[in-house]
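The following pair of complexes shares a single chain, chain A, combined with chain B in the former and chain C in the latter.
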Partner chain A sequence: MESGVFVQQLVNGISLGGVYAVMAVGFGLVFNVLKFSNFSHGGVVTVSAYAGFFISSKLISSFPLALIATILVGAATGLLIERLVFRPVRLAKKPLTYLFVNSITVAMMVQQTFAAIWGSYYFPYPEFFKRTAFSIGQLVFSGTYLLMLAVSAVVLILLTLFLKKTKLGIAIRAASSDIYTPPLMGINTDVITGITFIIAGALAGITGFFLGMTYTVTPFIGSSMIKGIIAAIIGGMGSLTGGVIAGILLGIVESLLIAELGSSVTPIIIYLAIVILLLVRPQGIAGNLYTVKA
Partner chain B sequence: MFYFFANVLETTLMYTIFVLSVYLLSGLTGFFSLGHGAFITIGAYTAGLATLRFGLPIWLAFILAIVMGLVGGLIIGVPTLKLRRDYFLLITFGFGEMVRALLLWTSQLTGGAMGMAGIPYAAELPLIAISVVVVLFIIANLKRSSFGRTCISIRDDELAAQAMGINVYAHKIKVFLLSAAIASYGGALLAFNMTFIEPNLFDWLESARLIVIIFVGGINSVTGALVTALFYYSFGELFRFANVWRDVILAVLVILVIIFRSQGLFGNFELSPKWIKSLFNRRKSPKRGA
Partner chain C sequence: MDLLRVEAISKNFGGVAAISNFSMVQPYNTISAIIGPNGAGKTTTFNMISGVQTVDTGKIFLEDVEITKLPSHKIQRFGVSRTFQNIRLIEGLSVIDNVKLSYTSRLTYTMFEEFIHSPRVRKNETVLEDIAMEYLEFFDLSKYAKSKPKSLSYGLQRRLELARALMNEPKLLLLDEPAAGLNPAETRELMGTIQKIQEQKNLSIIIVEHHMDLVMKICSIIHVIDFGKKIAEGTPQEIIKNKAVLQAYLGDMGGEIC
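Take a look at the complex of A and B:
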């Protein structure tokens, strides 16, 4: 590969990786607190991608405002799903299995609802900026990708600060390490779970918006959540930092492999690599191995 | 008209086999596979390739399909079944995508996105019906056997089962392999019945649907899985126009069932000779009392 092409693919990879990282963190936050694989995250991504399209093409043409509106929609959807679907199961103290089944049901419902209504239409996002590419020397970078990179970085930094510095963030981390003790310390875990879903939903909103901008909006856009899940596995389930590192790595590896070998072999190599990784080092990059506890 | 209904029945029964194979895995060990469609696809493509490209006889194609399903099961099961359930779930999800990517990549052999047409029509209604009965017999008996009860104990509390000296890993692998074998056998049936297969036949959504159907009937009831599967798929085939909305209806139903009656519509109920006998006894008993 030429070095110029290599650098370009590297930057694209890091940008895509940023989106995967945001996805992995959204998935990981809920996994940490409630300890189940939340497939409804993909559903929120789909809803946000559609919402982002309608907001940006019909209501607000400015990029930052449209993004913020989409994030709000995502957060609201996340909270709505939590309150309607997960909370009753949670409060009845039923096994985690039921939370998981509800989450895939929600993912299925969202995908099929959109497929039934707008299944045969494709929605391309409008161009937000007149200038779509930037060139440095001989290298040409896509504006969308640079924007994705910048927004993902800012969001992840803000989230880290929130989780480390604020009271709410510390409460979320406390609930992540052990859901049973925080109530004894006067933390309302019900509220904390709701807030976790709001944050995860907001992250899904960002993901949906960017996926919609990069690809076209289809009902199946939520299945791209698999990339975030893969990042979460490679990073070590439950470790947000690991998820971010793994997401960026995944983005880079994917872009380079696609550029070098083509888009049909790439998924095969990536999935095989993950199976091998699980054989050799199941705890992932961060080294958190979740085992079944009684 | 007769052919239409026979067709509906065939499709329904084949999907019932898939649901039963998923029931075996999820009902007995509590593991969920979001890539079970991959095993069905593997079975279907092995059968198609064996007969179309290599000219092998049909019975050999069935055996090869099962063998390939077992190989796939080993590749996925060995590294993941030792870990927490979520790893298994997520890896099977990836496995489904991988199989699809593999089929598209090897398009010279498999026909890629165009699918594979012209597979001999060999699976007629009697064969499918017998298969369902055999699979049902295997699963119902396995569930009642000592092996099945051991597996259910693993499902309910893995740690406790391990403490009782049960080799948890070996049990999980065995059940998973059997489930994969049944799924790929069903896939071969599907290929020989529909005579046309394509890589997108079973995406993750189809696998998710198979899991969800089990929960409507109840995770403890084979009867529940059977009845729900028969109902859902025959309904879907008869009312094709509502094809997409039926998933939305199913989803709402599942959420309601899980919130308000999480043991499923059938709970622990099983349709067995014993139950039928007790039905007659119950009718007699008031007279005896009087």
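Take a look at the complex of A and C:
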């Protein structure tokens, strides 16, 4: 690979990895609190991708405002799913498997609904900016990718501050360590769970918007969240930082491999590498071995 | 008005009565105990008072306000704190954050204020930090403030649970086997600490305990339960002489009561 191409692919990879990192964190937040793999996150990504398209092409043409509106849609969808689908199961104290199965059902339902209504249409996002590429010397960078990188970085930094510094963030961290004790410290874990889904939904909103901008919007766009889940698992379940690092690494490796080997072989190599990685280091990059207390 | 009034509460698990028709009254400024053999229903009683488990029948009042059906976070905010038989500290938070956590729900500032770090937040935080440090110092834990609870020894973790329970400024403190896993010297120290807390903070304490000497020396009222039923209530002196207690609870080790 030429060094110029290499640098370009590296930057693209980091940007893509930023999107994976945001996905991994959205998935990981819910996992940490409720200890189940929330596949409905992909459903929220799909809803947001469509919402982002309609908002940006019909309602608001400004990029930041359209993004914010989509984030709000994602957050509301996340909360709606939690209250309608997960909360009744939680309050009835049913096993975690019910939550897990419900989450898959929701994801499939969203996918099929969009497939039934708009399955045969492609929705390309509008161009938000006149200038789509930036060149530095010989190197050309995509504006979309740089923007994605900047937004992902800002969002992840804000989220870190929120979790470390605010009382709600500390309560979410407490509930992530042990959901049964915080109520005895005066913390309403029902509210905390709702807020966790709002945040995860907002992150899914960002993911959906960016995936929509990068690829075309299809009912299956949410299934790309498998990358986020993979990042969360390689990062080590329970460690959001690990998920971010793994997401970025995954993005870089994917971009470089695609440039070198093409897009048909790359997924095979990546999935194979993940299987081997988890055999060698089942706890992930940063995680402790996670024991799920049901 | 009594601080806590428990009226004939019962709890069944799949047809087995964990506790039936248990009543008790806890006055202000008192240390009392609930004792009984393993599986007698002591922890279940605590769980119902603190809202961890629902009550099947019966009622619970705190200062004449019914708390029977309240969720545990609301009962905590009414001023009921508890510790656990198996230590339950939040592993993901530092020692001082564990202590501060039980005050979180009372902080009224908004998240926006937190992000801009408004003067109100700064003032509140300093006060909160100071109170939390005071409790840590009271239990000789201040040098571990930034550590994770896991790095503390078992005895220190027990003390940290007490510090966290007190941060809520409770009127009623429920201690579930506070001496479990402590050696005799630590247990003696704990007795002193519990008495000191009661006197300094003017609160009321209920202890569930196996260590007989601890209970006999610092409690003024003892409730004895066996197979989910209350079989006796009285001062330590009365309990020592109670035949039903000797038979049901102490059985063959009747002589070792003190």
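Descriptive notes on the structure:
Going forward, the second predicted complex is superposed on the first by the 291 of 294 C-alpha atoms of A that agree within 3 Å, B and C clash if a C-alpha of one lies under 4 Å from a C-alpha of the other, contacts with A are read in each partner's own complex, and residues count from 1 in each chain.
Please note the rule applied: a residue touches a chain if its C-beta (ideal position, glycine included) is under 8 Å from a C-beta of that chain, and two chains touch if they have at least 3 such contacts.
Just so it is clear, the model here is predicted, and its values are computed rather than measured.
Applying the stated contact rule after C-alpha superposition, one finds that A:Arg173 touches chain C and leaves chain B untouched. In the superposed model, A:Gln9 makes contact with neither chain B nor chain C. Shared-chain residue A:Pro88: touches chain B; no touch with chain C.
In the superposition on chain A, contact of A:Thr207 is made with neither chain B nor chain C.
In the superposition on chain A, the chain among chain B and chain C reaching more residues of chain A is B. In the superposition on chain A, A:Thr77 contacts neither chain B nor chain C.
Contacts of A:Leu184 after superposition: chain C is touched, whereas chain B is not reached. Of the residues of chain A, not a single one touches chain B in one of the two structures and chain C in the other. Touching chain C in their complex are the following residues of chain A: 161-162, 165-168, 170-171, 173-174, 176-178, 180-189.
Residue ranges on chain C touching chain A, taken from their complex, read 50-52, 71-73, 76-77, 81-82, 84, 88-93, 97, 100-107, 111, 114-115, 164, 168. Partner chain A is touched in their complex by these residues of chain B: 30, 32, 34, 75-76, 78-80, 82-87, 89-91, 93-95, 97-98, 101-102, 104-105, 157-160, 203-205, 208-209, 211-212, 215, 219, 244-245, 247-248, 250-252, 254-255, 258-259, 262. Across the interface of their complex, chain B is touched by residues 31, 36-37, 39, 85, 88-89, 92, 94, 97-98, 100-102, 104-109, 111-113, 115-116, 119, 223, 226, 229-230, 232-233, 237, 264-265, 267-268, 271-272, 274-276, 278-279, 282, 289-294 of chain A.
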